[in-house]
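Next, two complexes with chain A in common: one pairs it with chain B, the other with chain C.
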Partner chain A sequence: MKRIGALMVLLLVTLFIAGCWDRNEINDYAFWIGTALDVSENGKIEKTAQIAVPAGFKSSGEGAGGGQRGNIVISASGSSIVDLEQQVQDKLPRKIFLGHRRSIFIGEKLARQGIVKIMDQFTRNTDTRMRTDIFVVNNGEGRDLLNINSPFNPFSAIVAVDQDRFCRLGDTALRDVLLDVGRDGIRPSMPMVEIAPKNKQEKNEIIEVKSVAIFNKHLQMVGEVSGRESLELFWVKGVLKNEFLTEETGEGTVSLYESSLKKSVRTEIKGNRLKAYVKLEGTGRVLENNTDIDISVSSERIPLERKLNAIKAKQVAATIKKLQQQYGQDAFGIGEEFHREHPYQWKKLRNRWDELFPKVEISVTVKLKIQNTGGIGKRVPGIGERG
Partner chain B sequence: MKISRWQLFWMFLTLEISMSVWLTVSPTIAIAKQDAWISLAISGVIGLFVTLIFILVCRRHASQTLVEFAQSLFGKWIGRLIGASYILMWFSVSADILRIFSLFIKQYLFHDTPLWVIAFLMIAAMAYINYAGSVEAIARFSELAGPLLLIGIVITFGLNLSNLHPSLILPVYADSGAFSILKGSFVNASFLGESMMIMMLTPFIADSKQLLKPALLAICIPSAVAVVTSVMVIMTFGTNIGSTLVFPYFSMVRFINYLEFIQNMDVWVMFIWIFSVFVKLASYLFINSHGTAQLLGIKNGRIMIGIVAAIIFALSLVPANKIGMLDYAKLVWIPYIFPIFIVGLPIIFLIVSLIKTNDPHVKKAT
Partner chain C sequence: MVSGLAHGQNPRMTGVRAVILFDFAIINGSHATKIADLFGKVRVEMESNRQLDVNECIRMNHDALLHVFRNCADIVFRPLRLTDDSEILLVYIEELTDSNKLEQIISACMISRDLNRLAQYESVTRIAEVVAKVLKGGTAIFLDGRPFAYLADLTAFKQRAINEPSNEAAIRGPREGFTEDLKTNLSLIRRRISHPSLKFEKHQAGELTNTEFVVAYIEEQVKPELLQEVGRRLQAISTNQLLDSGYLEEFIEDKSLSLFPQIQNTERPDTVSASLLAGRVAIIVDGSPNVLLLPMTFWAGLQAAEDHYERFIYVSAVRLLRLVLAILSCLLPSVYVALTTFHPQMIPLALMLSISASREGIPFPTVIETLLMELMFEGLREAGLRLPKAIGSAVSIVGALVIGEAAVQAGFISAPIVMIVAGTGIASFAFPSYSLALPFRMLRFPLLLAGGFLGLYGVAIGVMFIIIHLVTLKSFGMPYLKPVAPIGKNFWKDAFMRMNKRFVPAPKKQ
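Take a look at the complex of A and B:
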């Protein structure tokens, strides 16, 4: 009796072995690495996918320029993101696998129209990961970016993530954008990529990550800041960790590598006046000194530090002013600082923050410390006047 | 066939953590915003209080299960009614958990596999462990699964540290206020109240007079874990995303990317979570089959295991979707089961038991 029972159980178990509903060989998957979203002429969303072609991987080692691509770029246009996914699937012999998607590129035109309509699936679709980078493509279409064929990595979608990590946010960008969406005292901002070849080699191979797109409450892109200003934006926002800094002192330039960047903001509400005191700190190492200042001598270095601090503070204040006046969007999160420091008064301010932010009086102080003078103290004799 | 009190500790720890970490964090954030951690701390205190009542009741009726002592306290018919309603409630909650479990697995791992297959595999394992070794086997299993679960959770907390934005936890109190914080605390308090199943287990515990320490500790640790989880979730995703995620802890684990090579830990975490849900469901199957047998006056409780498993399996397939299942917590568990079965009735048990102390039918507490 017992044996028959055991036999029955075994037979029953074989039923499950046969019915593998979710059996998927890795060979049957098409790995989706990058997504680009654009708006087409008739107003529909256009989606472009960068899909890995495993057979093409080998060629990437054969040297620059030569060989096939390791990926294929496929486009489709439709009404919703998942509708597009189906269309992309129709063009592929393998099943789409979204778990490896590393980045999303949004064409500037779509970004300016607003991205509310496309955001839901990034958090809802459990096939994707939230650890994704998100970019606006400066003056271009997202699809152009996926066509780039970088010599470093077969996937331009991954190249963009790596490049973003070294200078700005890295692959937490989507999370960081979503964090700012729907909060009253901060407006979302996201990195921008651009394709601007400076020589023949760079063409179709190099992308640049150097600007930041600023969005308003309704997730429409309203403007951008570039280069130094974008780094200052992220510094004041508190997400920048290190940067290269070059300042013109009047007698020549000084370049520092600043790390352990910190910010702290104090806020004050005096009647109708809102005041914010931004303090930026960092420690630096001198990389280049084109002035006659001998930074190995404290009596000369300290005035230099003060000078640099004053210059930097002025620059940051100008960047803040620019955002206040030109775009009127609080990408820094100054409002959230008010929220944290004056939570009860904030309840009266939060709904009209967009009109209040441009009027906030913001003062900036910078405290950069020169911790290290680099490989040499004073300059090598013969370079500069004092030798 | 008796289990020791520390085995009970691991059993309860495992089954409490599985729910409070996975399911209670985002409803609490939805109510109490960034002060969810205060809510969860308060719910820990409420959980301790109700568990204390359960233990006091159990102490006075150490050799009886709830079905038995309800009858000796309130007479045969009212007692049976109370026993039956508890059993019915446990049937509903185990069907609910089985359903949430299968949906979760289906959503994240097996999109195309029919739901009933996942549920069936689980129910088969539950029935097997109950046949093979009854509550003792469950306890031994949780001695393995519990530490694994704790270690897994602590590791994921550590790896998530680099994703945190500490300022998201501020401002404290101002945005939510005392009412919201208290309201939020009922979510997890009611889940912690699942420790009421101890009232069915006392006859199977070897040293049932000294249950206080392990049982209370088995509430303390899960609520501490829930507090840390909520702080982590808020600092990682903020209150906006944090309150909308269905399984926020799981999403947080998916977000971990440590030094570029520790990624995708979700599979591992899911694995140990299945263990803990298994402990929970197997314990429910045990008390349900045992309780039903006692109610119906069947001597050999083992016969009931298969029948009860079949009923739970069938019940779990009834509701339409996951939202319906989470509604169970919101519309049934918190407003009805929590006040009646977790707080109300146990207090009545305790009072009646105290009054009837001199009654010869009731065993006296030592």
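Take a look at the complex of A and C:
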């Protein structure tokens, strides 16, 4: 009994004397919500931080956009990320806390220069959340994005993340980019955000996510695809889960909501010729039918499906061609498919993949299934009726 | 010292005790000597009286009893002289005797002189036994010329009616609760189990209180080793008082330093009957409405009586809810403190921001804040427990206002803490068993400190210690967490959840 008591006292004493506890009240932390990285005028890296001010958004519930921002934006410029972080810390009365950073914005200028130097710090620093979303700011500076006052959330960094989730461009996290960087058969790509132009009634600016930046092996941005092409890029990459399709069939447009999108790629190596067969699948429901086709009748629906498949396949093939010819970067991960199916030959290909990729012969087949024709078979009753 | 009533007091043993007392008095000397001396003398005289047999001469008996019962205002001596000059002496306690019956006996003896009618009563030859019975409410009848006394059990005294047990109320099921009277309590059990194999073993303990208690069990169901163990522990009791079953519990429990109750107590006869049928042993103490049930498992404390009356799917869900609430009542404050002060990464951002917004400008660290509020809450509960109902509600209103509104308004305490404390409070009321809720209430504080000093690491260590303790704890040879650890065949039948009785065979002797 005595011995146990002594042991307890000893334990307690070590607790107090050692002083090695990392207790920190929530209010002693400055929550770092978003980071923006840009190139400053003198060629140095400029880091901007969006930091939560809890006292600010206590009252923000009452009047939307009522002066109080709920966050402050702090910039620092220097040569290394850690140094910049320290500079930001010097401007804050609270300890910065990176564990809740939601997004990183990279200015397009910096992205085109290359972000290898930046990425190293993210992989090394254990405070970094791998699920932090990463964006390239289209035609702009990351700093401007953090300064946006969104009507939905006091933090524009969070708005971008939420928007990314619903704009169907997948949500690309730091982890995905780092995984792609580590592989030879795929080149990283990141969604791009831009600040939408203000219209008259809008007091606040709105963020738009509609294109994808494509990077090369050295993490330099080489180009972008936007709109439909970016969706197709992600479909072939296998990231896209669902999308809205609107196709001109020649007799009018048909809109589909396609879900459970799948891709499968078969590859073939014949001597010097590399061949890839991309097969895209999806099932969907018709949302809009501006043709005179009665979708409820199989004999009319099946030809429509075939037509849609052919149109879509042509479009996807064009997008792939564009990437092959214009940028020469395998953002689709076709190389990884070669790697998987021909692991031994891949060892010879992997180092030359950037030269080889533009020459790969890729054929695309699309198989869209109309599973649900919507509420009615034909168009609004009375229109398009055939006697 | 405990012995069966039938054997009476062991005179030699008590004699020895008196001598020891005497010695003690001499050694101590000075002031205390006189009192102890007196006390010792009285003791010795009393013991010598008790060894006496009932005399044929009624006067001798009268003197002997008068000596024993001197200064006992409640004892009535009622000498009666019959017409033929033979004498009768009645000795009884007025308040404990049914006067109507007594008058009947007297009239029978005096008018019809039918003394043979008394033969129906137990005859006792020793004064000591007479004394013991009279003190229990019996009526001693001495007849001239007979060397024994008749002891008539004319006991009748005012007692509480059978009420619904307020601490263990049930929506469905019987609403009877035990009272303070042993006989009533036994009858309540016997009415539920009308089988001769239900045994009530009568014992007595407490040298001054002479309290009767009954060990009840069903011979067919109970394990003989358990009975032996119970008997052994009851034999080892040495006390001069036994005022409540709680006294007995402390003497026979396995680990007296454990926070967890190892013997269940209940006011419900149906719970006792069900436990007896499951092969457990009940101890019913005279004067206490709380019956002890042993061995106890942890899960018994999480089960309410009506669990077996309500439909089983609902009951299973409620039992899981209770388990979750039990864990919450212990861990909620400490986990909150650990998360907010050590691991803000683990709280979702939106929640974190609103917590930190409401904590802006609060002067205390979160640990202190939580500790203060928990203490306040426990104080409020303790104060409300014993106050009269009229004041109690006022206290709870004031408390709720002070704790809930004013503290937050004044900026002393952050709003999430109030929620945490209130949630903990609600969770701790979800225990069907009050005595099992107590350890959880207490453990909250060391865990809170551990969480405040070491974060989740500390909480984990604390929880580990608690679990290690629970796993090693045994109640009368039964592992405390059975049938969960060690896992038993009844795991799915009546522990976390309850199966339909159709699929659960009636408990058998294990």
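One rule holds for everything that comes next: the second predicted complex is superposed on the first by the 346 of 387 C-alpha atoms of A that agree within 3 Å, B and C clash if a C-alpha of one lies under 4 Å from a C-alpha of the other, contacts with A are read in each partner's own complex, and residues count from 1 in each chain.
Following the convention adopted for this analysis, a contact is a pair of C-beta atoms (placed from the backbone, for glycine too) under 8 Å apart; a residue touches a chain by one contact, two chains touch by 3 or more.
The structure displayed is predicted, hence computed values, not measured ones.
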*Could you look at A:181 and tell me whether it touches chain B, chain C, both or neither (first, second, both, neither)?*
first
*Go through the superposed model and pick first if A:102 touches only chain B, second if only chain C, both, or neither.*
second
*asked:* Once chain A of both complexes is superposed, is A:158 in touch with chain B (first), chain C (second), both, or neither?
replied: second
*Give one of first, second, both or neither to describe whether A:22 is in contact with chain B, with chain C, with both, or with none.*
both
*Which of chain B and chain C A:41 touches, first, second, both or neither*: neither
*Would you check which partner chain A:31 touches, where first means chain B only, second means chain C only, and both and neither mean what they say?*
second
*asked:* Under the stated touch criterion, which partner chain does A:90 make contact with: chain B (first), chain C (second), both, or neither?
replied: neither
*With the two complexes superposed on chain A, say which partner A:54 touches: chain B (first), chain C (second), both, or neither.*
second
*Can you list the residues of chain A that touch chain B in one structure and chain C in the other?*
21-22, 129
*Within the complex, which stretch of chain C touches chain A?*
340-342, 344-345, 349, 352-353, 355-362, 365-366, 452-455
_Parts of chain A lying in touch with chain C, wherever the complex brings them together_ = 15, 21-27, 29, 31, 33, 52, 54-55, 57-58, 97, 99-100, 102, 129, 158
*chain B residues touching chain A - in the complex, by the definition given at the top*: 107-114, 117, 121, 163, 165, 167-168, 170-171, 174-175, 236-238, 240-241, 244-245, 251, 254-255, 257
*asked:* Per the contact definition, I'd like the list of chain A residues that touch chain B in the complex.
replied: 16, 19, 21-22, 123, 126, 129-131, 171-172, 175, 178-179, 181-183, 238, 336, 339-341, 343-344
